[in-house]
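Per-chain residue numbering starts at 1, and chain names A, B and C are given in the order in which the chains are listed.
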Amino acid sequence: MDSGLFTINNVWMMICTGLVFFMHLGFSLLEIGLTRQKNTINILFKNLFIICAGLLMYYIGGFNLMYPGFEEGSAGILKFAGFGITAPENGMVPAYASGGYTWWTDFLFQGMFAATAATIVSGAVAERIKIGGFMMFVVIYVGFIYPIVGSWKWGGGFLDSMGFYDFAGATLVHSVGGWAALVAVFLLGPRIGKFDENNKPQPIPGHNIPFAATGVLILWLGWFGFNGGSVLSANPAITSLVLVTTSLAAAAGGISAFLTSTLMYKNYDLTMFLNGILGGLVGITAGADLMSPNEAVVIGLIAGVVIVMGVALIDKLKLDDPVGAIAVHLICGIWGTLAVGIFGSMAGIDQFINQLIGVGIVGAFCVISSLIILKIIKSFVGIRVSEIEELEGLDRHEHGMDAYPDFRANEH
Amino acid sequence: MDSGLFTINNVWMMICTGLVFFMHLGFSLLEIGLTRQKNTINILFKNLFIICAGLLMYYIGGFNLMYPGFEEGSAGILKFAGFGITAPENGMVPAYASGGYTWWTDFLFQGMFAATAATIVSGAVAERIKIGGFMMFVVIYVGFIYPIVGSWKWGGGFLDSMGFYDFAGATLVHSVGGWAALVAVFLLGPRIGKFDENNKPQPIPGHNIPFAATGVLILWLGWFGFNGGSVLSANPAITSLVLVTTSLAAAAGGISAFLTSTLMYKNYDLTMFLNGILGGLVGITAGADLMSPNEAVVIGLIAGVVIVMGVALIDKLKLDDPVGAIAVHLICGIWGTLAVGIFGSMAGIDQFINQLIGVGIVGAFCVISSLIILKIIKSFVGIRVSEIEELEGLDRHEHGMDAYPDFRANEH
Amino acid sequence: MDSGLFTINNVWMMICTGLVFFMHLGFSLLEIGLTRQKNTINILFKNLFIICAGLLMYYIGGFNLMYPGFEEGSAGILKFAGFGITAPENGMVPAYASGGYTWWTDFLFQGMFAATAATIVSGAVAERIKIGGFMMFVVIYVGFIYPIVGSWKWGGGFLDSMGFYDFAGATLVHSVGGWAALVAVFLLGPRIGKFDENNKPQPIPGHNIPFAATGVLILWLGWFGFNGGSVLSANPAITSLVLVTTSLAAAAGGISAFLTSTLMYKNYDLTMFLNGILGGLVGITAGADLMSPNEAVVIGLIAGVVIVMGVALIDKLKLDDPVGAIAVHLICGIWGTLAVGIFGSMAGIDQFINQLIGVGIVGAFCVISSLIILKIIKSFVGIRVSEIEELEGLDRHEHGMDAYPDFRANEH
């Protein structure tokens, strides 16, 4: 591995790091777009906190916890709380990480990933969670739960030995966030007005659909880095295949969700189109490097149907997920993970079972741990805002400000 | 060509692919910003459809149709409908495409370009076209017309043999979209209220100019990939010259359009400034690799004047183009294509005639084919929405939703 | 230096150029978000003008003025007005600029930087400056003052010989803009209503906080290019360290500003969180390549406190800076520049004194020159709009248009 190739691999990984960072803007715009104006500041605040605190927590200990074997073979968990990680001597030369990139690039790329898991939760619990409790949850989830799960596979742990495959984190990132979202939504209960006296779900429209659409397009671009960077090098054949499968799955997911929802609801539903794109992206994430373009299209088409059904299912279960995060990240994350056993170069019944086991173990761990964490937070500081705060909006109560304080509409 | 250089070329092309993809966000924001609130969802829906369906159509057949000779010399048109294109054996190694990039990168970069042509149409027909008819048009135009025209030059066809030059697609992308926009605008007729009883054009202001400005800045960035990627390698001297000529033409176009419109209308018109930047970008696209920076500035300055005149001309012709797409993409596309015969390293009377012939042939083909396609669509499903739908907005009628359903302004 | 490494270095520098360009969108959204709706068009217009005119002025003469020794040893100032700079013969080969990139990349990267300094001023003077006067100021400041100061350090001038260090421009870019902002704000006086009859500062809320938050996230991403590109090569160890220190300082700045302001004002203040992130980014800019990650966190934490204090100080001095530009760019720019003498691999009392001298000299030059320029502009065309224009908004008076002309809110 010569220094030129090391340099180009590292450049690619830095670009992908930037793109994954940019996904946080995508998530922020998607979430505020699909929720009400009165909670906009609150959601933006939560998302900024996730990026900043998530990165710092990953720096303080998460990185060492997740990749225990990397630094001179020492057990990572013992190294935990090694505030001020220092690059190992060989961390800057081509010998490191199979010549792909430097130690610092490694940390930053993984750190940007870590914060993503918490962002997924943020959307699902929007408009009613207490900001203080949520911030505690983020610190614990990004600092401990995410890296522990990650270490089982990407850190070379037992899921890896067992044969579980998850290329870029359909399970390890999206479902890890999705399971916590499910638990949090269950514990929080629905927003006031989401279900009427007959328990029928009522639409609570968001306040800025152009922001939501902008968010989705930014997320698609960000996925170039999320999946493209998960190659962990700039290998031309694999990176370019991954971008193709990622984009085709996104396109197929969007078209399929739009067609499915048009058939079901007789309406060209933009929100379903957007969620279909995201579903396709999540769906291809586990096996983006294993699939042919044809298989990517099929995975995306199925993800588009899954999304529409998933959103309906969440409603039926009387769960209130304002942005559809559970359907997108959890349900499509599971679909994508299982798809590795059905399509692509690793397909087979054994692999399918491996995938199923991985999904189950990660799910059980995430559900139990988020249940414990959220229960504890609930008993200490509470997790749901007061009724008056929910009705008047979290922006005014928690932040003392308005998202559009000087905005005037025109009279007509 | 060693593997390090192949890798870096491929990385550059993947980045440019991402940037061209990002242009779709730029176009979306520009188009919704310059149109009325009541049609916002509709425009976003159209743009998402263009990206997704365009990419899939290009995958199903467009790519093979456009580059017939690439895959082992077989005639592309016969290969059409080869759903599930498979990379040729040598498509992943430095030997492919002169060492620039892999087959997958090639497909995805070109696929992102393909969708752009349809997006140009989208803006011009906004606020009155039937979504169903428009989607049919997109599928046919991106799947067939765009790749056929592209094959004549970039696929090594007769325009290429003849000496016609179009570096990044001033004619092959922008005019291909622009001609269809012209035909569609002519067939559709103006929006209700665009021309008063004396046939005088009336301004119909958009609803969100910050979105439009954001769109233009994103497009400028995207053009780094559109033009920079058209080098088809990371050649340092050419790529960096191209970014310089592209940016200088954009800057000169903006300044010149703003000055021209200030002189004519005694107002610092932001919309003209924005269109001037786009005009400069389109203007440099045909010869970004041939021009000195000085020549790029001159091309941009002229494009800025052309834009202001062009917008006035479209009005005078009683055509209604809500976002100025025809002036920007068609008129400046023609200007830029002809400029290759006037400025830069290929300038000369012979080249000018070649350029003129190319513009004419592409124009004739695009006008005739879009006329036929749109006429057929019109007779089957219709192309214009009903008066009541146009007045009340396409969002409510076609999509059953509002762009800002929960948006409240402040009382003052 | 082989051609592969030259190519990859050049690719990295072109990407960074694109990212610094993208910062202009970040600044634009931040500035319009934090100001009132009635001045939105005006601010967008100013920002577009800065990018376009700034780039052209840098092209006409600024680049040669700033890097006098680069072109065959000739004195740059004599070369000034060499409209149509031509790349020197060796400017496209690995020998140029230590093998990092081509002459064109050099020009464009530096040109994008140049425009940034003026953008900083734009935010501080918003909502009351005359557009004509401001445009004159931009042309002079970007064309002359910025490159002169830059030549003292980056052009190999006396500040460089003296031992002053400024990695990516905490002083040379951010303070150069910040000092001019301070002078302009002082000369302009506060907006009507900013201080009440008892001289107590009154909040004048902006009109679109989501735009401001979007702007900050785009700026963070842009800083990957601003600091990452200042390495002037793709050196894996240094570029990746720089991205890590940059991101950690941003994260720490955000958290620290939010905690400080929560302690002081009992509110989760999103604007302070945003400014804290920017403060951290500016704070790390002078020594991003010298600091360990731990030191970057400390610099960011301090920057976060500095920002909160700085904003309060500006208020106390009866200065009216609508977007907090002086606190972010000037005060944190000074902090970051001095931090090079306190933390990191160059720390020491001598270095601290060098940094202090550099800050003082640049400050004196910028204050005096902007005072002279603005005084002259004031006496010729005036710098402040009329009271009626300020009250009714600059958009209507200078541009004859509205930012959201068709925007309707929903009735509830």
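The definition used in the following text is that a contact is a pair of C-beta atoms (placed from the backbone, for glycine too) under 8 Å apart; a residue touches a chain by one contact, two chains touch by 3 or more.
Because the structure is a prediction, the values reported are computed rather than measured.
If the chains shown are joined wherever they touch, the resulting network links each chain directly to all the rest. At the interface between subunit B and subunit C, two copies of one sequence, fewer than half of the residue numbers in use are shared by both copies. One finds 33 Å separating the Cα centroids of subunit B and subunit C. Within subunit C, the positions touching two or more other chains are listed as 4, 8, 11, 15, 208, 402, 404-409. The part of subunit B that touches subunit A in the complex is made up of residues 3-4, 6-8, 10-11, 14-15, 17-18, 21-22, 24-25, 28-29, 32, 40-41, 44-45, 48-49, 51-53, 55-56, 59, 83-86, 92, 101-105, 107-108, 111, 131, 208, 211, 398-410, 412. The touching residues of subunit A, when paired with subunit B in their complex, are 2, 4-5, 8-9, 11-12, 15, 19, 36-37, 205-210, 213-214, 217-218, 220-221, 224, 228, 234-237, 239-241, 243-244, 247-248, 250-252, 254-255, 258, 267-271, 273-274, 277, 292-294, 297, 402, 404-409.
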